[in-house]
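Take a look at the structure below.
When the chains are written out, they are named A, B, C and D in that same order, and each has its own residue count from 1.
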Amino acid sequence: MKIHEYQAKKIFEKVGISIPKEGVATSPEQAMGVARDIGLPVVIKAQVHVGGRGKVGGVKLARTEEEVKEFASMILGMDIKGLTVRIILIGQAIDIERELYLGVITDRGSNRPVIMVSTEGGVDIEGVAKKTPEKIHRFTVDPAYGLLPHQAMNLAFSLSSEVKETRKIATTLQKLYQAYIVADASLAEINPFVLSRDGNFYAIDAKVVLDDNALFRHPDYEKMRDFTHTEKIEQEAKERGLSYISMDGNIGCVVNGAGLAMTTMDVIKHFGGEPANFLDVGGSSDPQKVRHALQFLLIDEGVKSIWFNIFGGITRCDDIALGLVSAVDELGIDLPLVVRLIGTNEKKGKKILAESGLDIHTVETMEEGAKTAIRLSEGRK
Amino acid sequence: MGVLVSKDSRVLVQGITGRDGSFHTKLMKEYGTNIVAGVTPGKGGEMFEGIPVFNTVVEAVDETGADVSVIFVPARFASSAIFEAVDARIKLIVAITEGIPVKDMVSIMRFAEDKGSRVIGPNCPGIITPGECKVGILPASIFKKGRVGVVSRSGTLTYEIVSHITAAGFGQSTALGIGGDPVIGTRFVDLLELFRDDQQTEAVVLIGEIGGSDEEDAARYIKETNYPLPVFSFIAGRTAPKGKRMGHAGAIISGSSGTAQSKIESLKEIGVKVAKIPSEIGRFLKEEFDAG
Amino acid sequence: MKIHEYQAKKIFEKVGISIPKEGVATSPEQAMGVARDIGLPVVIKAQVHVGGRGKVGGVKLARTEEEVKEFASMILGMDIKGLTVRIILIGQAIDIERELYLGVITDRGSNRPVIMVSTEGGVDIEGVAKKTPEKIHRFTVDPAYGLLPHQAMNLAFSLSSEVKETRKIATTLQKLYQAYIVADASLAEINPFVLSRDGNFYAIDAKVVLDDNALFRHPDYEKMRDFTHTEKIEQEAKERGLSYISMDGNIGCVVNGAGLAMTTMDVIKHFGGEPANFLDVGGSSDPQKVRHALQFLLIDEGVKSIWFNIFGGITRCDDIALGLVSAVDELGIDLPLVVRLIGTNEKKGKKILAESGLDIHTVETMEEGAKTAIRLSEGRK
Amino acid sequence: MGVLVSKDSRVLVQGITGRDGSFHTKLMKEYGTNIVAGVTPGKGGEMFEGIPVFNTVVEAVDETGADVSVIFVPARFASSAIFEAVDARIKLIVAITEGIPVKDMVSIMRFAEDKGSRVIGPNCPGIITPGECKVGILPASIFKKGRVGVVSRSGTLTYEIVSHITAAGFGQSTALGIGGDPVIGTRFVDLLELFRDDQQTEAVVLIGEIGGSDEEDAARYIKETNYPLPVFSFIAGRTAPKGKRMGHAGAIISGSSGTAQSKIESLKEIGVKVAKIPSEIGRFLKEEFDAG
């Protein structure tokens, strides 16, 4: 789960990482109140779940109350990469001496947390990693011991040779690791971690990605959810046990299993078609799920044909067939239906379809399914 | 032969009396898997389908000599169950459960390294050595004993491709899914090594997908070790959009890494044939073995 | 550092271990107030730093307010093994079904924490360990992972076969281990851990020993100190860098190093004398320390002769000699003084003593020193 | 020869610019110890008595090949310093510092096991192989090269007994104090093993004290391995009262365990001569070697 900068900073604050004075606002008036409390100048930042907000005007320095009002009005409601800004963060403006990067990420290669630090803070760290990989220092943490003080210190010495600074950086690294651990995060990042001209360090921007699997341990994180319209649909699907992602094409797919669902999209594309979605009904046999799946498919008005690609394992083909027949009936679907049923209880399933009287195009293989779905989608508006 | 599990495997089911555990225990037993024990805390002393149930794994191991454990315990308790299996020196642990916190898996893998256990999964369909032993939820009917090793990050896509392999006239030495999570216990490279040392395996099919760099690592391994067996591959997710999680936590293209293109190119570069659609895998195998 | 039962329970409460309702009192009136808040009957327990209080009447069940007053008056001021009771604990009386023992201790053999549990709670656990060792179940914790849930569960199954009970016991074991870790304890014990007739578990008595070396991490523990008169003197000595323990004999010893100080006592005894104390001035060369050492020695009026046994290493003999000369002068000591100085700057030290004009019996070996000190102590009152 | 340290040891001093560290670095250097580096965070790049100072241990090891480290860092920071030395793969770490929290030592010892380092101490006087190398705070003048291995839980008592050994005409192969804390890195049994395998050592003097069961463990080890060298012992604390800590955290008789009597009896039972007063150790050695 992605969370906003201001939410990430709350998590950081709890473990003692120092952040600038700041507050959030959803209106220009609120923004002015927050700015007054903090004292001018302030930085106003759009809170959206995408990067690169600065380049499109989502971050502004306001020196006067008038500017606070002006910029707050400008940024609230702004569209950034398709997302509407509804919350802004108003923070104390820090006089920057140096910008560092500090991050912790779960590394798939080693199955361990990796700490990354760089003197090149404040910019896109992936870019730094590509252009000047030698400027990123990495350390793989042994989870049995955590980030030990001397390890944090060794990393800090790669960013500064002033022992006063290295002690502060090392302490922050240990706190960042602690935040990553207590929050069950998959990523925790301070970029930039700023040394101000008056000699203090601040986490100016923060990014935390939470592990969805661990949310059950953090009921309080639930209120941090802030979904875009698309994410909301995906989340609703998830709550019904479905994995659904909308795409640009016109062939709706209903598949069991993520790998097979991706492959279904790939095969459609391979034969010249365009998938309208990724949809995984999971491993269950609940006929109800098929109805939910079709409901999500139909939100997308661009769908011209529907292809069921089911490889029965735990999922039983007869359950899918039953769900399909009743759902088509209930929902009054009049789109062409291509169905491939194979595996557990395949015969039973096919029999149900055959006896339903529905106009269903039964196919035996993925290729056949893809070609049929493409053909049927063509010429329809 | 085959790898990891065989007719000699003595299998323990953790969560044997639960909804999924009990259902699949029956199916595994039907297949002929030698299930020697089950564990459900509080049900120690009971029997399930003729299998003795214990309160703790250590008791089950002491009493029955179980050496493989399959985890059907719900996500909230699954990490503790895997820790328990590792601590009891179970050599192979197959974790079917989906939704285990990643941090827990990080700790478990550290613990397993210490104790010398191998974990497969979590969030995986399990492993089968056809004709000998099935541990997990794979549909038995599509498998056939043979010479192709199959390793996959996916579930049903594995079935799809195995069905093409079987239809093309080839059986499998061992087939398994290694799981869809970012942190998993066993990776492609581990399996490539095991299949290389297996007498029965004459070719390997590697079923990858977007996310991570397991496929690239496998390509490097194949090249560096001058891998002796032919390897064929299929990579799912060529049309997957960036930044969207495709069904499970591992399948996501983040930033510039983890794309299907990168994986396909890495494999092709070192001479691995990569199928565009699943059915091609059957054709590749025919070409290989009809020529040879 | 030893702490009282009620203080240990506060530490346990913080990690979520359930304890009976209770409060402390230093007067019978206070005790009645506490008892009223809790509700009768209550158990009144002396808070002293020694075991076996129950056998001498330091624990009483009070069923009425009159009894509360009576027993509180009786226990407050009571002498238990030489210690005066100044605080009592008034706790909810629990209807006991079963008594268990749960403990964590740092094991010197393995350099690891060891969990011990037994069904034989409520009694002296050392006695159980001797008579029926099979009734104590031990588990050595790997500090890299802590006490894992299944390990706590395995231990719990050795105490009960009811899964509802084992879950509660296991949870408490994990909390006890956590308390042991966060408090930097060398021992954390619940004895008895009681299952009440209404099916709940309670820590009825608690014992925690804190690691003195780690107290700097717990400034809040300082206020838990409650020293006896003897301990106070020992603590004052400690604050001056000395290790001092009073004994029953008449030969006062001033030694550098704990091993040598113990040996000095042993050698005195070997030759038929009685040491008046253990006194280690440590490894420093501060002449001031010698004066402090003599001051502590002189608290004990039974001292009839004083023996300095110094093996110079880091400690320099001349510093000791200087300190000795000035202290004897300042403090006006007229007890016979036996001095053995050997090692670093030995000659300088001996010269200082010779030139001081003090009546000092200089000896070369420990044997000689012991014999001389004994001889000089005899016949003095 | 001797054990653990020799003229080939490349010694690093952690806390080299501190009060104790700087003082004893000079003394060690005077003795001839090959001190190759010092560490004080923030003083990297400076020189101390001709010795290069580094910010971190890993740098010091990279630059100088140090393989022994001696810790003079104050108690609050000492555990981190030991962790750092272990992490940098220093093989032998001698921790002089007194007052390190026991829990920290428990973690350190676990870490040291993982990484293959040996820790001596903490709260110990150090180790000397006379004529070759001194690491710690032992007074050099009383030691003499020779054939007696000396291992002790104490500081000045070691000096006392060594002075009797030297006075009796015997030198030491290696002498060391293992520290007075409850949790220490190296114990009697470890040293007995090392001395057994040392060509130069012909007898071992074991200086024990009340608390713990190290002496009893040593007795068991001597018996079980049919220990080939003569062992002589002195145990301090026969007159120590129960329940009172005699100077340091390890020296306490708790309950019925850790008494001098128990230790003396365990050793006598297996034929180890136990001295009643320190000077007897010299006599024992004379008897042993004048007879032989």
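The rule is short, and it goes like this: a contact is a pair of C-beta atoms (placed from the backbone, for glycine too) under 8 Å apart; a residue touches a chain by one contact, two chains touch by 3 or more.
Small disclaimer: the values here were computed from a predicted structure and weren't measured.
Trainee: Write down the chain pair with more C-beta contact pairs when A-B is set against A-D.
Mentor: The comparison resolves to A-B.
Trainee: Measuring between mean CA coordinates, which chain is farthest from subunit D?
Mentor: For subunit D, the chain whose C-alpha mean is farthest off is A.
Trainee: Centre to centre, by mean C-alpha position, how many angstrom separate subunit A and subunit B?
Mentor: 27
Trainee: If you average the CA atoms of subunit B and of subunit C, how many Å lie between those two points?
Mentor: Centres of subunit B and subunit C (C-alpha means) sit 56 Å apart.
Trainee: Give the residues of subunit D that touch two or more other chains, as numbers and ranges in rising order.
Mentor: If we look for residues of subunit D contacting two or more partner chains, we find 107, 111, 114.
Trainee: Note the residues in subunit A that touch 2 or more other chains, in rising order.
Mentor: If we look for residues of subunit A contacting two or more partner chains, we find 144-145.
Trainee: Building nodes from the protein chains and edges from chain pairs that touch, which of line, ring, star, complete or other describes the result?
Mentor: Its topology fits none of the listed shapes; call it other.
Trainee: Every touching chain pair, please?
Mentor: Between chains, contact exists in these pairs: A-B, A-C, A-D, B-C, C-D.
Trainee: What part of subunit A is in contact with subunit D in the complex they form?
Mentor: Those residues of subunit A that touch subunit D are 144-145, 148-151, 153-154, 157, 161-164, 166-167.
Trainee: Any idea which subunit D residues touch subunit A in the complex?
Mentor: Residue positions touching the partner: 41-42, 44, 55-58, 80-81, 83-84, 87, 107, 111, 114.
Trainee: Along subunit A, where are the residues that touch subunit B in the complex?
Mentor: Answer in residue numbers: 106, 108-109, 111-113, 126, 130, 142-144, 181, 184, 186, 211-214, 216-217, 243, 245, 247, 255-263, 265-270, 275, 278, 280, 283, 311-315, 342-344, 365-367.
Trainee: Which of the residues in subunit A come into contact with subunit C in the complex?
Mentor: These residues of subunit A touch subunit C: 144-145.
Trainee: Which residues of subunit D touch subunit C in their complex?
Mentor: 75-76, 99-107, 109-111, 114, 125, 137-139, 141-142, 152-160, 163, 180-184, 207, 209-210, 212-214, 217, 234, 236-241, 244, 246-251, 255-256, 276-279
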